[in-house]
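Before I ask anything, let me first share the structure, which is written out below as C-alpha cells.
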Amino acid sequence: AEAVDLGVLRLTSHAPSFIAYERGYFRDEGLDVTMQFFEAAQPMSVAVAAGDVDYGMTAITGGLISLAEKGALKVIGGALSESPGVPGAMILASNAAYADGLTDPSKIAGRSFGTTTAGSSFHYMLNKVAEANHIPMADIRMRPLQKVGAIVGALTSGQIDGWIIQPSIGNGLVAEGHAKKIGDFNAIDPNYQVTVVFSSAAMAKDQRATTEAFLRALARGAHDYNAAFVDHSADAAEIAALDGIVHKYVQEDLPDADFAQMMATTSMRINDGLALSMGSITDQLEWFKREGMVSPDITSETLVDSSFVQSR
Amino acid sequence: MPDPSAPRPGPAQPGRPVTFRGGGFDPRPVRFAGLASFAVIIALIELGTRSDVISSITLPRPSAVLATLADMARSGLLWRHLAPSLERLAVGGAMGAVLGIAAGLMIGLFSLARSVMVPLVSALFPIPKIALLPLFVIWFGIGETSKYALIAFGTFTPTVVATFGAVDNVDRSLIRMGQSFGLPWLSILRKIVLPGALPGILSGLRVSSAIAIILLVAAEMLGAEYGIGAYILEAGSLYNLERLFAGVAILSAVGLVVGAAIGWLERRLLGWRE
Amino acid sequence: MDLRLERVSHCYGGVEVLRDVTLDIPQGQIVCLVGPSGCGKSTLLRILGGLERPEAGAALQIGAPPPGTLNPLTYVFQHFALLPWRTVAGNVRLVLEDHPIPARERDAIVTDVLARTRLSDFARALPRQISGGMKQRVAIARALAVRPAALLMDEPLSALDSQTRELLMADLVDLWTRQPFTAVYVTHNLAEAVRLGHRIVVMSRRPGRIRDIVGIDKPLAERRTADPDLDGVHDLLWTMMRDEAAAADRELIDA
Amino acid sequence: MPDPSAPRPGPAQPGRPVTFRGGGFDPRPVRFAGLASFAVIIALIELGTRSDVISSITLPRPSAVLATLADMARSGLLWRHLAPSLERLAVGGAMGAVLGIAAGLMIGLFSLARSVMVPLVSALFPIPKIALLPLFVIWFGIGETSKYALIAFGTFTPTVVATFGAVDNVDRSLIRMGQSFGLPWLSILRKIVLPGALPGILSGLRVSSAIAIILLVAAEMLGAEYGIGAYILEAGSLYNLERLFAGVAILSAVGLVVGAAIGWLERRLLGWRE
Amino acid sequence: MDLRLERVSHCYGGVEVLRDVTLDIPQGQIVCLVGPSGCGKSTLLRILGGLERPEAGAALQIGAPPPGTLNPLTYVFQHFALLPWRTVAGNVRLVLEDHPIPARERDAIVTDVLARTRLSDFARALPRQISGGMKQRVAIARALAVRPAALLMDEPLSALDSQTRELLMADLVDLWTRQPFTAVYVTHNLAEAVRLGHRIVVMSRRPGRIRDIVGIDKPLAERRTADPDLDGVHDLLWTMMRDEAAAADRELIDA
C-alpha cells in the first residue's frame, strides 16, 4: 500500500477523515494513511506546503492562498459548507452587548468582534455580514485573539461584543447562557465554502492516481457522516458507531451522551463527493485580494485544481 | 609638646561603652520561610476559591490542581507527557549548548569569529522565537526536528554570549604565565582557558536551561500530541485551569530539578573556587 | 578622651579569635598593633570602633570627646573605601552631609582638610584618576574632616608600594607633629610600627592575646630610617614574632 | 663562592634575540567586518532566492523585505504599528522595571523579603508566559492592561534577580565605612547602596528590555489590532514572509536602539568606572 | 648564559614608556630594578622574557643556556599566577607536562622543587587553602622546576604582608646561596633591593631610562636588617628617588 500522511485537527469537521480511517476506506483504496494531528490550521497548511504532510483540510485562509501562490499547495476539493436547512455558523452577541442593543446583525456598527487572526474564516464571515448590512468594515473593531479558547473567554466575559462561529462551539455557548444568538450566517451566504481539502502542489500534479484514490475514500467518509449527522437518514446503530469513531478523536473527556447530542444537533454539511463551491471560493479570493492580504496577481486557477471533483 | 609614649596610670573613672553602629545590610534567608510563604499563599488561594472570594475562572483550587497531578501520575499520563518533553529539552538543549559553547569559544579566541559572529548574535537575540514558528515548520518539518531546532535556537544565543563573556573574563595573567613557560597554544586552551571559563559557562547554562523550558511550550505548538507544553496548550484552549496550573507546576518543577543538577555540577567541578 | 578595651574576648562561629584583651589607649598617643596574620587585629579594631559587638568584655570611651568632634572614633581603611562615583571633595563632603552644619562651614572644612593633606589640586578628580597614595590621603582627609577624637587605622599603608608608603609615613608624622591625635594603628610592617608608634602592642597567634607592649620614647619627628635605637626595637620585635609569623604563614585555610 | 656583584666586561660575542612568545588570546573585532558579513549573508540570500536555489517558501528576498519596509514607512503603516508597540514596551517595561527594582532592593536589604520572595521568584522564572495568555485575558481583559501586564510580568523576574544580585555585590567595605562615619541608614542606602548597585541594575535592564521585546509578540496575541507583534502574527498567519521578516527586522532594530539607549545611560551615569 | 638589553625603546599607543635602555645581566647575578610607578619596569621585564616585542632595540641571550634547561627565561609574577583549580603539585606539574620527560622523572622534579621550597606537606592543597606567602613559594617552586637560566621577577613580594616578605626574602637568599641563579628583580621596596641585589638599577620617570647603577659587594648571606652599609645604600637610593616617587604619586591618571 502507498504511504500517505493526512493532517487532521481534533474537530468534528474532520470526522470524515476519522471515519474513512477507522473504517478502512483508505486501505480499500490501497492507501496506508498516517494521521498527523495539529493544534491549529495554520501549521497544517505550512506542513503540507513543506511536504511533511500530503493532504490537509482547513478553511480558506490568507496563509493557504499565499502558499498556493508560491506554488506550494493546491486546493483539490471542498468540505464543510453552509447549506440551507442545516445547522450553520451563527452570529453571537455577548450578554452585555445584547443587553446594550446588539440584538440583530444589522446593529453591528461600532461593535468589536473576535477573530483568531487576520485572514481567518472568522474575519471573512464578519466582512460578509458587514457587507450585507451595508456597514463599512472600518466601523467594526476586529480583535485578533489567536485562539478559539481566547475568543470564548473574551466573549463570555463581555470584552468583545460578538463572534461568528460554527455551531459545534456556538450552540454550547448559547445553551449555557454565555452568549446570545442574533442571527444565522446561512441567511447571508447560503453557499459559503467553509473548509477545503488541499494537497501539496507536487502531489496534485505528479501523484494524480493517489490523490484521486484519497479523495474517493474521504468522500465515502463524508457520505457516512452526512447520512448520520446531517441528514439523520442512517439507523441508530450506524449513528452510534460513528459517534464512537469520532469521539475517539474529538473531545474525549465529554460524556458519550453529550457528545452524541452535540453531533446530532450541530453538524454542518460536507459537500457530497467533496464538490467545490467555486462561486464562494472565487468570492473569498477576491475579498482577500481587495483587502491586500494576498498578492493581487493570484487567480483561482493558481489556488484550485478543479479537475478532481465536481464544481457546484 | 610632651611625647606621651609611656602608658599613663590606668584612669579610675568608669568609661562609657562605645556605641554599636555596625551590622545590617546582610540579609540572610530565614530557613523554611520560603516553604512557609508558599504554603501560606496556597492556603489563601484554597480558602479564597472555596469561599468564592476568588471566582473559579480566576484561579483554580490548589487542591484540585494537586488532585489533577495525582490523577496524571496514577494514570501514567504524567509520564506520557513528560517523557517526550524531557527528550526535547535534552536533545534541543544539548544541541544549543554544544553549538553555543563552540561558537562562544571561537568568538572568545579569534578576532575574525568575533567580528563576524558578535553582530549576528546580537541581531538574533531579540527575535521572538514564536514569530518564526511557521518558518520552522518549513525548515525543519513538523516532526521532532523542528522542536529540537526551536529549543536549540533559543538556547544557542544566550550560551554564546555567556561563553564568550566567560572566555573574555579568564584571567589574562594566567594565560601570560602559560606563555611564559612556553606552553603550546592547545595546552593553554585546554588547561587554562577552558577551566577558567567553566564557571561562566555553567552559569550561562543555568539561564539557557530556563529559556529552554520556556520555549518548550512554543515548540510543542508545532503539532505535538504529547508533551507538557502540548498539555498546557490544550488546557489553555479548553480553559481548564486545573490542568493549566498542573502543567505549569510540572514545568516549574522541571526547572528546579535542572537548576539543582547544574548546582550539583558546579559543586563537583568548581570545588576549587573560594 | 581615652579609650580602653576591657577583657575583650570574641569568637567567630566557634573559632576563638580574641581572648581576654585589656588595653588602654591614652589621648594623643599612637598605639601600634602588630601580630601574625589572623590573630584578630582587625577584629579588635572593629570592636573598638563599634562595628562589631564583642562576645565578652567591652570597649570603653573614657571622658568626653573634645568639643566640635563630629565622629569621635573614625576609621582609615586598608583599601581606602572611597566612593568611586564621587570626586575627592565629594568623598570628604559625604561624611559631613548628615551633620547639621551650614553649607559654608562645610565647604570650609573640606577645603581645609584637603589643604592639610596637600590634595587641593585634586579636589575634582575621581578616585580612579589618582594613585593609591593619593587615595589614602583622601581617606585621611575624610577622617580629619569629622574632627575625630581617635583614628582607628587598619593597615592603612599596606596596599601601597613601599616608596609611596615612605612618603605617606612622613605625611602622618607631619600631621601628628602639627596637632597630636590619638590613633590605634594596625600593621604587619614592623618598620612602620617603629616609625609611628609611641607604644607597640605585640599580639600572639589566634586566639589573639597581648604578648608584650614595647614603648618608644624618641619623638616621632626625630625618628630616621637608619637609627640604631629603632633598629634595635625592630629586631627585638622581629625576634618575638618571627616564629609565630612563620607558623601563621604555614597554616592551611579550612583544609 | 665569589659574589659576582661587579658588572663583568660587556660580552663581545653577539647574542641571539629572545624569542617572542606573548600576544594572542586577545580577539578584537575587525572594523566593519560585522557590517560586511551582514552584507555578504544578505547578498547570498538575495542571489539564492533570485536563482531559486532557495525556494520562495523558505526565505523571502531581502530586496522584497526592504521594499515592504519602505512601503510601510511611506504609507504611514510603520508608525501606526510602531507607536502602540512602543507604548506597550514603555509602559509594561517601566512597570516591570520599577516593581522589579523595588522588589530586588527589598530582597537585597531585608532578610524577611529575601526569605519570602527569592523562592517565589525562582518558581516564577521558568513559567512560560505564553502558557498564561488565557489567564491574562481573564485577569486583565484584552485591552491594553493585559499587554502591559504580560510585558511587566516578563521583565519583572529578571529585573528582580539582577537588582538583588547588584545589591549583594555592593562593596561591603563601603557600607561599613558609611556606618563607621555614623551615616544614617537612609543616607547609606541613597549614597552608597544605590549608586553601587546601579551598574548591575542597568545591565539587568539590558536583558529585561530584550525580554520585553520578545514578549511583545506574545502580548499582541491578545486582541491587538495594531502593533509590530500583531503585524508579525498577521504576516505569519497569511504566510507572508516579506512582512514577517520586515516585522522581525523592526523588532531587531528596536532592540538595537534600546540597547544603545542603555549604553548611553551607562556612559552618562557610570563614567566613574575604571 | 648572560642577558643583554640593547637600546630598547617602547611606546604604548603614543606614550613613550622606555627610551634607549641598555643593560647587561651577567650570569649568576641578581639585578634589582627600581624606579617610580609607571616608569616601565614591568614592560622592560616583559620585553626581556619575550612577552612583548620592543619597538626598537632588542633583548638578547648571550651564550647557550645550561644543558637541561627547559625554559631559559622564567617569570615569577606579583600575583602568583597559580591555576586555582590545580593543587600545589599540579601547578608545578603544569609546566612540565608539555616537555617530553618520562613520568617518573617528572614526579621526581616536582618532589624535589617542593622540598627545596619546603612545600612537601602542601603538595595536595589547593591555592585557596594556603596563605599568600605559600602561594608565592609555589610559584617559585614552579619556576625552579623548569631549571631556568634566569628568573624574571616582577615585584614578587609586594602582594605579601611585610612579615611574610621577610620570611620569603630569607628563603630566596637561602636558595641563591645554595645554588646561585641569574635574576632580574623588579621592586618598589628599596629594603628588598638592598637585601637581594648584587646590582641595583635605578630608573627615571616615564619615559624610563637608566639613571644609575649601584653595586653592593657584601655577600647576600651576610646582609642583615640593621647593617649600616646597607642602610647607607638604602638612604642613597631613597634620596635619588624620593622626588620622582612623589611626582609619580601626584600624577593624574588619564585626567
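When the chains are written out, they are named A, B, C, D and E in that same order, and each has its own residue count from 1.
The working rule: a contact is a pair of C-beta atoms (placed from the backbone, for glycine too) under 8 Å apart; a residue touches a chain by one contact, two chains touch by 3 or more.
Remember, predicted model here, so these are calculated numbers, not experimental data.
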Can you check which chain pair, A-D or A-B, has more C-beta pairs in contact?
A-D
Rounded to the nearest Å, the gap separating the Cα centres of chain A and chain B is 42
Distance in whole angstrom between the CA centres of chain B and chain D is 16
Separation of the C-alpha centres, chain C versus chain D, in whole Å, is 45
Residues in chain D with touches to at least two other chains are numbered 21-22, 57, 133-134, 138, 176, 179-180, 182, 233, 236, 239
Multi-chain contact residues (two or more partners), chain C:
49, 51, 73, 128
Among the residues of chain A, which ones contact at least 2 other chains?
42, 46, 49-50, 63, 147, 149, 153, 157
What chain pairs are in touch here?
A-B, A-D, B-C, B-D, B-E, C-D, C-E, D-E
Looking at the complex, which residues from chain E come into contact with chain B?
49, 51, 70-71, 73-75, 77, 79, 81, 83-86, 94-95, 97-98, 126-128, 142, 146
Contacting residues of chain C [partner chain E, same complex]
36-37, 121-122, 125, 128-131, 133-134, 155, 158, 161-164, 166-167, 187-192, 225-226, 228, 231-232, 234-235, 238, 241-242, 245-246, 248-255
Listed in rising order, the residues of chain D that touch chain E in the complex are 1, 3-8, 10-11, 13-23
Can you check the complex and tell me which residues of chain C touch chain B?
2-4, 6, 24, 26-29, 46-53, 58-63, 73, 177, 180, 198-199, 213, 215-220
Taking the touch rule as given, give the residues of chain D at its contact with chain C in the complex, in rising order.
171, 173-174, 176-177, 179-184, 187, 191-192, 195, 270, 272-274
